[in-house]
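Take this structure, written in C-alpha cells, and hold onto it; I'll ask about it next.
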C-alpha cells in the first residue's frame, strides 16, 4: 500500500488526475448539455490543461504549493461555476496541508474536509442540491473513516464519490443552471459531481500504481 | 369556334385565368425558389386574388375597363417585379382595346403586341433574357398570324407561350434575381413565363368552353 | 420540404403586423399610413425629402431608418417584393415638403419598375418632382462594367445615412441627388451565406446549401452569388471577400472608409466580430484607414445565416454627413 | 449529433478574436486589456465606476455596452462561463477612479462566485471598495419569494443603462449602488425559444426541441424554462408571456414602463415586431404606458431562435437615467 507520497509523488498523482479529466471532456460536455448549458467539458479542459501546464513548468517545494498552483490554474483558466468551485476546492488543500513535504491518508482526508467547507461557504450549496458537493461530501466522510493510509483513503473517497454521482441522478437540482429544470433534471447525473469522481478515481489509481512501482 | 366574346364573356375568361393562377401558386413558388427569391407564387396569389375581387365586385362597361381593372389590381396588390410587369401588360390592353364591347382574335393579338411593347419599355428586358417576355413574344407573334377568330388566336398564343416556357430552360438569365445564377439557371424555366403561359392557357380553354356552351 | 419554425400569426399578414409593431416601437416618433408606409412624425420643414423603400423581410431596413437625419418615410412592399406604384405615390405625397422627393432604394428590377411608375404618377397626378438613386453596391452581382446589373445590399444603409443627413442640410433636390449619388458611387459590398432564409408565407427555405458549403456573393434575397464552395476558416473567407471588394472600386492606399459588417440574419455576433478583426488587418495592410465602423443587423434576409462587408470611400463631405446626428428606431448617432 | 455551421477560425480562440474585433469596431473608443477586458478609452474622472461582465457568447452583451453613459469596462469570460477572479481584479483596477467600483452582472452561481472572489481580492490586495448588483429579472426561473434563485437575462441591459448614466452623475459608490439596485428591483423579463444555440467549441446544439415545440421561460444559455409546449400563434405566446410578466412585480394600472424585446439570436426581426404589437395591446389593456421601447439583439444566446420581453417600472429618477445620453458599440442614445 502507498501509505504516503512525497512532493514528486503528489505531483504525479495530480498529473494523472489532469490526464484523466482531459480524456473525458466529451462525457462532461454531454452531461452539461443534458441539464446545464453544455460548457462544463470545455471549462474543465481549459482548467485542467492549465493545471497540467503548471505542474509541468514548476518545481513545487511542498505539497501545499501543488494544491495552490493547481487550484489557482483552474480558477483562472476555467472560469464559470466550476472554475470557482474546483479552484476553491484545491486551494483549500494549501491551507490545510501547508508546507508539508509528504501527503498521507489523514492529510488527504483533511484536505477533502477543508475543501468541502470552502466550497459550501463559497457557493452556498448544501448536500442534496445536485452539485459536486453530492460527490464531495460522501467522499470526505468516507476518507475521514479510512485511516492514515493514502491509498486506502483515496480508494474509499473515490468509491464514495462514484456512488455520490449515482445518487445525483435521483436529485432535483436546486443550484446552478439545472435548477429550473425541476423534475426534468431527474435521471441525469450532475456534471460537476462526475468531474470530482474522475479526479478522485484517477488519483486513487495513481496512488495504487505508485505503490506497485515501488513495492 | 368562339369568334369573339362580349364583356361578360371576356370577364369570364379573366375569371378563369385568375382561378387557374390561384390553383398553381405552389408551382410558381418552387419555380422561383429554384432561380429567384421564392416569392413569385405569393406575389401572383395576391395579385390575381385582387383581380378576381375586382371582377366580382365591378360591372365593367367595356372590355378596356376589364383589362385596366385587372392590370391595376395586380399592379397594386402583387408588388415586386411581376406586379409591375403583369400590371403593365394587362393595362396595355386598355389602351389598345379601349371602350370596345367585343373582343375578337385580332383585338387579342393587338393587345398581346401592345402588352409586349409596354413590358419591354417598362422593364428594359429583351427576348432571350429568360423572363416572361420569352413566353409573351412568341405568343404575340403566333397570335398575329392566327387570324380573326378569338379561340384560334388564343389557342395559338397559349401553345406558343408553352413552348416559350420550355425554351427559357435553356436560357441563361440576364435580368432579375436569377441573373447572378449564370449557368446555374440552365435547366430551370422562368417563373414569370410559366405564369403567362398559365394565363393564356386558361383563357384559351375558357374561350373554347364558352364556344361549347353556346354552340 | 422542411418547414421553418417561426412565432407568427397569419403569415399572409406578417408585413402589416410587423409595421404596426415597428411604428409602436417608435413611441410616437413615426406614423403608420395605409399602404404599409411609415413616416417620421414631425413638422414639415422646407427641405427636399427622402423616401426609401423596397420589399419587406429585411428588417430593420427600411422602416427602421425613418427619423431626423435619416429618411422622411419608408414605403414597404410584401416580403421580398417591391411596393406598388400607388403606395409609392401615397408615400411621396406624405413626405414631400414642396421641394420634391429623392428616392433611394436597391437596384432590383421590381423596385426599379414600381418606383419609376410611382415617379411618373407623382409627376403627372400630383405635380411632385422626384429624383432617384439606385444602390448598386453588390460587387458579386456583375462586373464593374455592368454597374446597372448590380443589386443593392447593405450599402443601402450608408447611402440612406448620407442622404438623410444631407436632406436636412441642403436646399434643392438636385443637390440632395448629387450627394446621395456620390455616396452610392463610392460604396461597395460583398455578402456570403451558409444557410437559407425563408419567406413566412411559404415557410420553406429559399435555397439549399450542403452541410459544408458556403455561397460567396450571396444576395439579400438568397439570390445566388459568385460561387459556391467548401466552408473554410473565417480568415480565409474574409480574405476572399476583401480581395473582391478592394479590387473593385478600387480602394487604394491612403483612402479613408466607413465599414459596415451586416448580419444577414442568424449569424452569431461573434462571427461578425471575428470577421471584423480580419477585415481591419486587411485594410491596415492596404494602407486604408477606417473612420467609422458599424456591426449588426442592418439589412437582414429573414433567418439567413451569413454576413456582408461594405466599404464606403469617404471625402470630407461624405464624412460630415455620415457623422451627422440621426435618430430612428434602428440607428441613432 | 448535428454540428452547427459557423464561420470561425479556431473555436478555442473565439472569445479572444471576438473581443479583438469588438475593440476594433469601437474605432478608438475602447481599449482591450489582457484577460478579455474591454474598457472605455477616456480620461479617468472622479466618479464611482461601473464594471459589468459575465460569460461570452451573448454579444453584444457585455463588451458592447462600454462607453460614456454606460459601463466603464466589461470583463468577459469564455463562452457561457463567468470570468475568473484574477481578470475581475484586473478590470476592477483598470476602471477604478478612486471612488470604488460597482459590479453589475446576471445572477448565476458562476458569476456570483467569481465576482465575489474578485471583490475580496480587490479589497485585500488593491484596497478598492466594490459593491454588487446581481440582476434577477427572469420570472420563469423561480417564484417571486425566491428572487435570489432567479437568473439575469435581458434586464441586464436596463440596469446597466441606468447604472451607467448614474455613475456619471452621482458622487459615491453607495449612491450608485442604490440607484442600480432600484433599477434591478423594478425589472422583470420572460424568454421563449424555438431552437437551440451551440457553444462554438463543442459545435453541438445545447438542447433539442421538437419540430412543433416551444419552451416558455427559456434562459439565456439554453437553461430550461417554465414549460415546454406546442408552438402556437404569436399572439397566444405573447399573451402567455405577458400573463407571467404582468403578475410578477406586479405591474399595475398607471405604471409607466420601459420595454425591451430582445432577440436571443436568430429570430427574425419581423417576429419581434409582431410580438411588440401584441405586447403593446396588452399593456394598453392593463392601463400601463410605455415610455421607451428597445427592440433588437441586446443579449443573445448564440444562434438560439427566440426572444424575451423585459419591462422596467419607471419613476422620475429611473426615467432620467434611462433617457440620459450614452454612446457605445451596441447602444447609442
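Residue numbering begins at 1 within each chain, and the chains themselves are lettered A, B, C and D in the order written.
Please note the rule applied: a residue touches a chain if its C-beta (ideal position, glycine included) is under 8 Å from a C-beta of that chain, and two chains touch if they have at least 3 such contacts.
What you see is a predicted model; the values in this text were computed from it and never measured.
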If you take the chains that touch chain A and keep only those that also touch chain B, what is left? none
Compare the CA centroid of chain C with every other chain's and tell me the farthest one. A
With chain centres defined as C-alpha means, what is the inter-centre distance between chain A and chain C in Å? 54
The distance between the C-alpha centres of chain A and chain D, rounded to whole Å, is 32
Expressed in whole Å, how far the mean CA point of chain C lies from that of chain D is 28
Make each chain a node and each touching pair an edge, then name the shape: line, ring, star, complete, other. line
Inter-chain touch pairs (all): A-D, B-C, C-D
Of chain D, residues touching chain C in the complex: 3, 5-10, 14, 17-22, 24-27, 56-57, 59-60, 192, 194-195, 197, 200, 211-212, 214, 231, 233-235, 237, 261, 265-277, 280, 290-293, 295-297, 300, 302-303, 305, 307, 329-330, 332-333
Touching residues (chain side chain B, partner chain C) in the complex: 29, 33, 36-39, 41-43, 46, 75-85, 88, 122-125, 175-181, 184
In the complex, chain C touches chain B at residues 55, 77-87, 108-110, 113-114, 116-117, 140-142, 149, 151, 198-199, 201-202, 204, 206-207, 217, 219, 221-226
